[in-house]
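What follows is a structure written as structure tokens; I'll ask about it next.
First chain written, first letter: the chains are A, B, C, D, E, F, G, H, I and J, and each begins at residue 1.
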Amino acid sequence: MNKKQKLLVTFPNPKPERNYIIEHVQPEFTSVCPVTGQPDFAKITLSYIPDNLCVELKSYKFYLQSYRNDGIYFEAVTNKILDDLVEVIQPRTMRLIAEFNVRGGISSLIEAEYQSPEFDDVFID
Amino acid sequence: MNKKQKLLVTFPNPKPERNYIIEHVQPEFTSVCPVTGQPDFAKITLSYIPDNLCVELKSYKFYLQSYRNDGIYFEAVTNKILDDLVEVIQPRTMRLIAEFNVRGGISSLIEAEYQSPEFDDVFID
Amino acid sequence: MNKKQKLLVTFPNPKPERNYIIEHVQPEFTSVCPVTGQPDFAKITLSYIPDNLCVELKSYKFYLQSYRNDGIYFEAVTNKILDDLVEVIQPRTMRLIAEFNVRGGISSLIEAEYQSPEFDDVFID
Amino acid sequence: MNKKQKLLVTFPNPKPERNYIIEHVQPEFTSVCPVTGQPDFAKITLSYIPDNLCVELKSYKFYLQSYRNDGIYFEAVTNKILDDLVEVIQPRTMRLIAEFNVRGGISSLIEAEYQSPEFDDVFID
Amino acid sequence: MNKKQKLLVTFPNPKPERNYIIEHVQPEFTSVCPVTGQPDFAKITLSYIPDNLCVELKSYKFYLQSYRNDGIYFEAVTNKILDDLVEVIQPRTMRLIAEFNVRGGISSLIEAEYQSPEFDDVFID
Amino acid sequence: MNKKQKLLVTFPNPKPERNYIIEHVQPEFTSVCPVTGQPDFAKITLSYIPDNLCVELKSYKFYLQSYRNDGIYFEAVTNKILDDLVEVIQPRTMRLIAEFNVRGGISSLIEAEYQSPEFDDVFID
Amino acid sequence: MNKKQKLLVTFPNPKPERNYIIEHVQPEFTSVCPVTGQPDFAKITLSYIPDNLCVELKSYKFYLQSYRNDGIYFEAVTNKILDDLVEVIQPRTMRLIAEFNVRGGISSLIEAEYQSPEFDDVFID
Amino acid sequence: MNKKQKLLVTFPNPKPERNYIIEHVQPEFTSVCPVTGQPDFAKITLSYIPDNLCVELKSYKFYLQSYRNDGIYFEAVTNKILDDLVEVIQPRTMRLIAEFNVRGGISSLIEAEYQSPEFDDVFID
Amino acid sequence: MNKKQKLLVTFPNPKPERNYIIEHVQPEFTSVCPVTGQPDFAKITLSYIPDNLCVELKSYKFYLQSYRNDGIYFEAVTNKILDDLVEVIQPRTMRLIAEFNVRGGISSLIEAEYQSPEFDDVFID
Amino acid sequence: MNKKQKLLVTFPNPKPERNYIIEHVQPEFTSVCPVTGQPDFAKITLSYIPDNLCVELKSYKFYLQSYRNDGIYFEAVTNKILDDLVEVIQPRTMRLIAEFNVRGGISSLIEAEYQSPEFDDVFID
């Protein structure tokens, strides 16, 4: 586990016999542009169908806050958050959407998904 | 039947020969966080296709109110409400969506569905 | 034909060679709760693909107004309006959505569809 | 070509090798009720995938304005506009949605589509 | 590469092993009508699944600005932007939607898509 | 007291030493057009600063429901509701706004106020 | 009285002893540009405090419809409607707002008021 | 100080030499109807200009939560919250707005203000 | 008259005996930042009470378009547009609001007014 | 000048002979709670009437960003930003509104104003 992953705390899925969706929306994500040093802001929407583990909400908040002063690109940070969460809670499927505020007159959205090979018939939406 | 299930009153489906959708939206659900003792608030959207029974609206209101001072987690309460309703009215299919207010800057949504094995070709949406 | 059905006037479909959708939205439906005698209010959305007949708009308005002082449940009235319209205009397919105002802190929606056996490959949406 | 069709001017599709969608929304359509003589108002949304021809925007505006003092029913006018456009520009597929303002407390929407037999695997949405 | 394409700068896709969506919304596109010389305004929404390359945001801004004083039709400009981006970054799939402001009482939307033959099972939405 | 006024129940103002505003919004008012017999629908917004009495909410609901089958004009019913409430609860000031649904393509709003001569320096807004 | 004024029917104010506001919103006004012959569209909001007379709603609808094929400028038509209504119903005060649809990328609003010299302390808002 | 008032913690106003506004919006207030025992829900908006003291946010949250199982009327609870806050923090001026959810088809709002006699020229809005 | 002012065409006020408001909203203003050369975008809202002259709509559109490739600051352009219009049409009062799109994460609004010394009691709003 | 004030760059007011309003809205303000160390987020709306100086937009952005890792309370930071801006640009009048995101289920707004003694008849709104 990398240092950021260790921030994530899990708890057992209370209903593993059912495929159900958990969604957390955090509109206060902020990191720093690695080129200009300017802050970036995004709304992060995490949706997943848990297998044996769920992510504890407070630890997920601290995990997202840990990016506050990191320099990282839109496309990279979205994929990294998804990768970290997949490794720690090993969901059946998971989707991460990051909606970044206007920069240079352009707003951007990055959307990435993970599908567990064992659960390839389990979908969000 | 458990104690909460006994609060739920049913009436016969007036049109069992048709698959049709009933949806009840209650934006005033409240329970208590089992760790902090702080109140949680959610909007509960129940959708189902009835088989022989429908849930009576007033009894459903009292059922949801019975959680007012219970300590229970987001994921657990959503699955429990779905399980109780499925056991009492035995629908062809049923979906429960719980949209929880912001906690720690994050809003959460839990969505769970039940499909009767006898009616596996009957869907909401 | 029952008494309410006789209120419905029809006219010939001007384009029966095409499957096209007609939708009428009436936000002023009102009937009476059969238990409490209290008025209920709903928005009624009718969508259909006509076969040989269309429903005349003014007669449809009078048909809906005829429920003004009738005591009838949400689930029953929705299915009855659909049944009456199906019998009178015999559409290829028809959908009726009734969205009832808040009662006891809960708003309700009932959605029912009819599919003509002769036109089982003709859909709305 | 009928008189109204002659109002429609076309230009060559600049990219016939691609299936792409063109949509024009006109919220100022008005005609007259053939029974009461009262004006009707609608928003007309035209969507199509062009084959060899596109409709020129200004001529389409004049075409729609030509209904200003015509007496014609909702269902008939929607199908007629679609038929005229199909005949003149011969699209791969075309959809016309007419959303009429409230009359007698009821708002109405008519939606009709055309599919070219040669392009039966080309769809809007 | 044509002159406009040379404005587009690329960077390597940080996660080529995953199909994920990148979307950039620019509401400030402006060009000039080739007939009347009047300015046109549009919101441009670009969505794509990258293969080996992503488009750098600042260069994409300058690319769109380069149309500021060009005379070009709605249908042509939408297809040209899509073609230029496809040639430069060679995505797995790409969609471009241009929503033009009201002209002559009519607003217009053009939507075009590209699908790489190598990735014909990779979709946006 | 007239028959409708007798439906209104009062309770003592719990804080008569303070000028404070009470507002009740009822979006389900319905009466009948005295000429055509057609139902009318309105949203009724009552705002007042109580003197010694407040209007009990349930009785106010029954009072408004009593108009359900009465034939009465927009302007008259708005003034009558205000007059009845003023006579029964004798407020320091009171305002009644009735917003009627579209009839003949026109929506209407009637707004009337009462000012007690004893409290001519007490205002809502 | 001019020809258009004769279309306006009045009825006695049911509550002349009170200053209260009557507002009628008609979103379907249409006339013709005197220069180009192109149709114009507007939403007309009439607000007044009646003295002895009110304007009958149906006659007001026909009055507004009488402009359908008249060629008249924005500024002129707004002042003319106000003048006609003032002459026929002689209100204590009256305001007319005409909100015209986009023409040449610009939407326009004209707002005019009349104040009776006898009632110079009676205001809307 | 009464028991509820003791829940309120204060801190010194960091800028007493300026009249400035502090506003806290809590959309999760809930108490119980003293007659029916049914839960009530409201959004509470507190606005004040501090004199020497400000209310600490967390203690204010606990203060509002203390009403969770209290039976109290709309009008009474609004005035009591205002009275408690005035007594504890002694503001220059303070306003409390409570917006209650629909009961019996009617939503209600209570708005009360306090003005310190020493600061009678200091206003919110 | 400067060069830009000469673009503005006027016509006589059709109702100079009344103080009434004319408002034109243009959401497509664009100029260029004098420092960076980057395009700026704004919505321009002009409101005035005419004296003897009104501004002709088409000429006003061309006047605003003349800034398309000019380098000028937010504060300066807003004051200049107001000054030019005041000089050409000499209104009783005039207000200009320019709402600029997000730059560097900040959106800006500039609002300036002119009051004719002869008409110092004539106001907009 | 303190360290933060030195970040603010000014430029001469291009129209000091007119009282006009400049407004900058920044929805991405973030600082840190001095007690919990948790990040706070706010939308900052600055409005002022300049005297001899205006604040340069880019420097104002950097000024606001300088609070990113500072620990400071809502009430204090709002007053400090206002004080710093007043000292550097010495406006005729200035208003600062800070709207903080939900914390503990409560959202907060702080609004402070400055009035120059020399310009006590110059107002925003």
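Throughout what follows, a contact is a pair of C-beta atoms (placed from the backbone, for glycine too) under 8 Å apart; a residue touches a chain by one contact, two chains touch by 3 or more.
Note that the structure is predicted; figures quoted are calculated from it, not measured.
Peer 1: Pick the pair from B-C, D-G or C-F whose contact list overlaps the C-D contact list by over half.
Peer 2: More than half of the contact pairs of C-D reappear in B-C.
Peer 1: Report which of C-F and B-C is connected by more C-beta pairs in contact.
Peer 2: Most C-beta pairs in contact, of the two: B-C.
Peer 1: Could you please state the distance in Å, as a whole number, between where the Cα atoms of chain F are centred and where those of chain I are centred?
Peer 2: The answer is 45 Å.
Peer 1: So, what's the distance in Å between the C-alpha centres of chain E and chain A?
Peer 2: 28
Peer 1: What's the distance between the Cα centroids of chain B and chain G, rounded to whole Å?
Peer 2: The answer is 52 Å.
Peer 1: Send over the residues of chain H in touch with two or more other chains.
Peer 2: 27-28, 41, 101, 103, 105
Peer 1: Which two-chain combinations qualify as touching?
Peer 2: The list of touching pairs comes to A-B, A-E, A-I, A-J, B-C, B-H, B-J, C-D, C-F, C-H, D-E, D-F, D-G, E-G, E-I, F-G, F-H, G-I, H-J, I-J.
Peer 1: Sort out for me which residues of chain E touch chain D in the complex.
Peer 2: For this pair, the touching residues of chain E are 73, 75-76, 78-79, 103-114.
Peer 1: Taking the touch rule as given, give the residues of chain I at its contact with chain A in the complex, in rising order.
Peer 2: Where chain I meets chain A, its residues are 41, 101-103, 105.
Peer 1: Can you tell me which positions in chain J touch chain A when the two form their complex?
Peer 2: 27-28, 30, 38-39, 41, 65, 68-69, 101
Peer 1: Tell me, which parts of chain I touch chain G in their complex?
Peer 2: 13-15, 18-28, 50, 54, 57-58, 60-61
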